[in-house]
Amino acid sequence: MSSTVTDTSTGATGAVSRALGEFYGSLRSLSAKNRRNLGIMAAVVVLFSIWAIATEGWNLFMQRVVDGVDNGFIYAAMALALVLIYKATTVVNFAQGEMAMFGTYITFVFSSDWGLPMWLSILMAMLVSALAAAGIERTLIRQFDPSNHLAITIVTLSLFLILGALAGVIWAYDGKGLPSPFPKRNETFGFLGADVEYSSVFTWITVIVTVVLVTLLLNRTKIGLAFRAVSTNLESSRLAGVHIGRTLQFGWALAAAVGTLAGSLYAPTTLLTPTFMGNLLVFSFAAATLGGLDSLGGSVLAGLLIGLIQTMAGGYVDRIGGELATATALAVIVIVLAVKPSGLFGSAKVERV
Amino acid sequence: MAMVTLQEGSPKHRAYVIGAWVLAAAVLLYVPFASDIGFAPASIDKAFRVTQLNDVIAYAVAILGLNLVIGYSGQLSLGHSAFVGLGAYTTIILVSDHGWSYFATLPISAALCFSVGVIVGVPALRIRGLYLAIVTLSVAYVFPTLVLKYESLTGGPNGKKPARGEGKLEPPSWAPFSDAGRLAQPLWTYCLLLGVAAVLFVLARNFLKSRPGRALVALRDNPTSAAINGVNLPLYKTMTFGVSAAYGGIAGSMLMMNRPFASDVQFALDLAIFLVVGLVVGGAGTISGAIPGSLVFVFVPYFMSEWTNDQEGMPPGLKQITSPLFDWLETRQGGRSIAGVFFGIGLLIFVFLLPGGFIDGMRKLRARVVRVVPNPSWRRDAAAKTAAPAAIETDAAAPVPNPTH
Amino acid sequence: MVALSFVAAACGDDDETTDATDAPAATDAPDATDAPDATDAPDATDAPDTPDATDAPETTMGDMGGEYGLIDGMYMGAGDFSLDPADCPEDWDPMQGITDDEIKLFTSLPTSGPLAGFGLIADGAKSYFQYINDNGGIDGRNIVVDVKDDGYAPDQTKTNVDEAIGAGEYASLFVTLGTPNNLAVWDTTNDECMPHLLNGTGAAQWGDVENHPWTTGMQIDYFTEAQLWAAWLLKEHPDLTKVAMITFNNDFGKSYSNGFKAYIEGTDLEVVAEELHEPTAPNLTNQFTSLAASEADVLLIQTSGAFCTQAMGEVEKGSWEPLVIMSATCGSLSQFFQPLVDQGLTGAGTHIIQTFKDVNDPAYADDEFVQLYHETVDAQGLDSTQSTYATGWIFAFYMTEILKLASTYEGGLDRGNIMLAARAIDTLMPLLLDGLSATMDGMNDAYLTEGGQMAQYQVEDPGALGTFVKVGDLIDNEGQLGTYATVAEIG
Amino acid sequence: MSRMLDVRGLHAGYGQSEVIHGVDFAVEEGEVVVILGANGAGKTTTLRAICQMISTTGTIELAGQSVVGKSTTEVVRLGVAHVPQGRGTLADLSVEDNLRVGAYVRKDDINSDIQKFYEVFPRLGERRHQLAGSLSGGEQQMLAVSRALMGRPKLLLLDEPSLGLAPLIVQDLFRRFGDINRDEGVTMLVVEQNANLALDIADRAYVLEAGEIAVSGTADELRDDDAVRKAYLGY
């Protein structure tokens, strides 16, 4: 794992700078009015922070920032899988969360039943779920024309039902404890007044590295090129001789692997149950949408944003409190989409008829 | 090739159409009133079965409403559970806290849901595809949270129901079944709901044949061409969302007439998803598809659960084969979830056999028996009305309604 | 001492005019501090006799035959409790579901979905009934249970119960799970005169004998449980005064909250922070950041399911170190503590009110009933270490005792007598902690168990499960809560 | 000259509705053939049928090899490149990535070809790192043709290349098509409404009407045919 990172460090830097470039590019392309809106938003954030620090102190504020970032990266990890599958299918894959859940159970089987180290279990589970997703694509999805959205939607709904119930039959509904794959688990260190878990930091790094690796895979390989082509224009790609089926299969496999990773990073912070991805999925879905659905870097930034909104709104606004934090985060997304229908970092082209 | 060929508009064709309607009406009346229903074994309480049929009617209305948005105007909505819930809570609150009659609440929930639907429909003008899905999904997700938050109004997690002994729909004395004991109330509800649903189905049919309705379909098939034709796009899209939400709201009210109890979990995201399942199983873009869709929605999970619970009522041969499986499942903690697996597999088989939905499949089946030759003059009129000049080839290229746009 | 102050507080410290319906009970309430030694409480080590179908009625109930039952067209029961069959629907059949060789019961609980784990209660209950049936049943009648899945959705529970009532096949409902679920059906069950017994939930409403005579609960109610916490805190940790709460945003969580707040009025205890959470919360991190900021001395975990484990994990990982008391619904070692161990945490130090013995606790390995449980359940092909089966045994045990008692009443076993018996049982479940008692007394006492023992979860090897160790005295307020009218008045 | 494309008795359509009712035509190697016709005559459908994007019956032979029943990918790999109506630009990809996708079926080095098209169309070279979606219509058409040629096809199908472009740009474009046909030896089948321009570069032409061939002949013959001129050429 670490050697891969070193090997590609130059490429990684390139991808990061490209992601940043994408971000700046989207800023540049904002019209004057939008730039003003963004300015207002920034001012609101600053004023809110000052007010928050003044009322309940610096330490609590920092702790909430850390909490928000912490949740945000988890949302981002799953959002990444959603972005990939969106590019691959152009329909709502209802089964995305259940696939990630199933993959996480496979991690659990490797680590708990086979006694393998966590990180190895995760890698193997990613591989298994990638293969399984490729199989699902081959047997269930490819039978239908990619433009037959109706049929594919039912297939994903069926998978949603089958995987959820099957996990219940196999692993029951009692929560399983999945340990964190990182060293110094459950230990914290102080950072500017906040308690930060070591494993959280490792999680953040893992998510960033994953984004970079996936970006490289899509930008530097032939299959990645084909994938981007297919997700942009199916017909033209077919006319260029691209194997649509195999390319979409690659997308499913990649999305499933990333989903398994996301689930395996999320499970140690909660309990592994057949329904555990449900609550995460809503936020990841939101992050993917807010990020523009086709921008990998955008989904990470949007994930962080949603995590922070949820924490800050829930923590500082009494009327919202813990119970309405979710609703608030979702409301913000709806507002953003109403202003910018293709998300914060999405390409302007939304129509894909 | 078809065995019978009928000329559209001919007396024979008219007889065929009328015959089909009479048959349908006969089935609708026979099923609940028959002394013993085929699919209700004698041991099962008939009143309960009629209650389930009432659910079928209510959900059919909800699916029909959803179809207006997904099947006809081609926008994916995952938020209809919230509209059904809003209608249900409107009715149950007015009935239990303010002593309204159920019927009086119908226009209120329709109007309320229409307004909320329009509000959701406004962002839908700008937001499309998956982006719209997430917006509507948010609505579905937030609704139960609001129910919990405003506990004094909604009863919170304990649900809302009329005070004990109140809020019952008693049949009038003139009804022939008013002395049917336990059965009287569900049967009366059945008649009422059937009446409401019939009106709503006819309205939907007329709406789709009207100018705005045809514009809607044109809009789904080719947004640009419809715009060229001078259709007021934003207005119709928003209106559709509102009407669709109103149907959902009335469906919620109907559910409450049948079973006066509302709880937050009843109107959560699962409902939204299952409504979509019902819709696609029945057939997107068909009015009558709402009925098989709703039947599947209500009965298939029920029977799946019954069969996995105790294998009674299963075909004998199948029972021998599956009993080792069920014996094994018996010892497993989540063993009874197998019903969900079966339901999912059933759905998969269904989509492989009838990818266009039930109604589409039936039409293909019917086409083998009866062939209706369209009246040429009608066809020309219809083509002139709906087809946009620039879009003949592209229209033909996309005969399947596209649910995500 | 504690018990007396408890009663005083429960009735409102400064309100001497409180309703006196429960006064008789209050005066003969056994002093909690003495309870473990109470001589009249049968020692649980004698209990192996109890499940034996032939002995049980004599040892625990005595002969009530001539006194209670269907007398002159009225069902007359203990504690001034009576039922008039004329209030029931015209077609009400007292022998419904009861034949010469069978008694049919019905229950609705989640056997699929996130809370399917609770479905094992039904399997556990069936296992105990199997044992009873194998030993002769109730006077030769086998007990049969039909289970329906409601996925914990109240509307589905209502559908299931409507179907069951309409089917006209069942003598009684029992162990229907969940507060909202039972609230959804209790009007119907009472209108239909369907015994609605031993609800699997601790809401205080199940003691509403005046308005819902056909409905009873079984476990200690959440309201009382939270008051036991407060009583224990005041006695054992008078220096800890600031309390923080993490509360499930539903009736369940709020019952605890209200019970605790009602009790601490006028005491040194003060709630300084309360955070609610939704069932859909992805985790409790945000809530815990707010709670930790309050720097409270005590944390009350008033939630259930996976959130119990999450909450313990959050406390353990953070730098805030309050004394932790958690809902008894989170007490299962296998369900809620094992996952923590797997995650590299322990949950050590958490306090819980216990009312029943944990069948997996080595301390009870020699208990004859615990042994009987393990042998029987394993022989039936189930995994007896899954303690939810034991919970099923507890419910089934009480149900069996109710049926036995009803058989001794005037008019014999019928549905009216089952209901009378359910409000008159006075029997010791062998798994009940030694020293606790469990009685119902018609209009005077509508709650079966009102006591418990505070226990602390202690861990020796962080890589393995620990055990619960008793801290402080057993508190038994049997008979003091009276009926729901009392609770409704307090809060 | 050998026969590049031979179509006989072609029926094709969408779902249950048939659009092409028995069409015969042929394209010889090195030729530019134009299919003319009004909107809805079935021109696009014909091209889609050649690429097997819709269900077809009849005979379609590409250099003697039957393609009916093959998948679109296989047809492309046999050497057919299709520039669809509306150009089919991969809008979210850069210009260079578009060209790379065009060469997807090739296994050899493609960089020299990319350089070549940057020279042929300098505008593309200037914008190689821009997203294709940000190009003008004419640039996108250049890109589309370049992308199609990146696969080194034997037969290039062009569907309404003039659609939505300014007249000057269209003229320039058609001149370049002529150049490409001459210099690269690429056989072309062009579908056009703008008959004048198309006939200028074409060797032969067919006129489609309601899914059937109404008229056929050399470009000059058609231009001289009064009936055709009135009906399709507009003068």
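Order as written gives the chain letters A, B, C and D; numbering starts at 1 within each chain.
Here is the rule we use: a residue touches a chain if its C-beta (ideal position, glycine included) is under 8 Å from a C-beta of that chain, and two chains touch if they have at least 3 such contacts.
All figures in this text were calculated on a predicted structure; none of them were measured in a lab.
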Just grab the chain with the largest centre-to-centre distance to subunit C, centres being mean Cα coordinates.
D
Pair of chains joined by the greatest number of C-beta pairs in contact
A-B
Give, as an integer number of Å, the spacing between the C-alpha centres of subunit D and subunit A.
41
I'd like to verify one number: the distance from the centre of subunit C to the centre of subunit D, where each centre is the average of its C-alpha atoms, in whole angstrom.
78
Here the gap between subunit A and subunit C, centre to centre from mean Cα coordinates and rounded to Å, is 42
Sites on subunit D at which at least two other chains make contact
none
Out of subunit C, which residues touch more than one other chain, so two or more?
112-113, 116-117, 249, 278, 280
Would you please write down the residue numbers of subunit A that are in contact with two or more other chains?
165, 168, 172-174, 274, 282, 323, 326
What residues of subunit B sit close enough to touch subunit A in their complex?
76, 78, 122-123, 126-131, 133-135, 137-138, 141-142, 145-146, 148-149, 223, 273, 276-277, 280-281, 284, 329, 332-335, 337-341, 343-345, 347-348, 350-352, 355-357, 398, 400-405
Can you list the subunit C residues touching subunit A in their complex?
112-117, 249, 275-278, 280-283, 285-287, 289-290, 292-293, 305-306, 309-310, 316-319, 334-336, 338-345
Note which residues of subunit B are touching subunit C in the complex, please.
43-45, 47-48, 51, 141, 144-145, 148, 156-159, 161, 164-165, 181-182, 259, 261-263, 265-266, 305, 309-310, 331, 333-334, 336-337, 339-340
Residues of subunit A touching subunit C in the complex:
56, 60, 63-64, 67, 70-71, 74, 112, 165, 168, 172-180, 185-186, 188, 195, 197, 268-276, 278-280, 282-283, 310-311, 314-315, 321-323, 325-326
Residue ranges of subunit A in contact with subunit B within the complex
86, 90-92, 94, 140, 143-144, 147-151, 153-155, 157-174, 274, 282, 285-286, 289, 293, 323-324, 326-327, 330-331, 333-334, 337-338, 341-343, 350-353
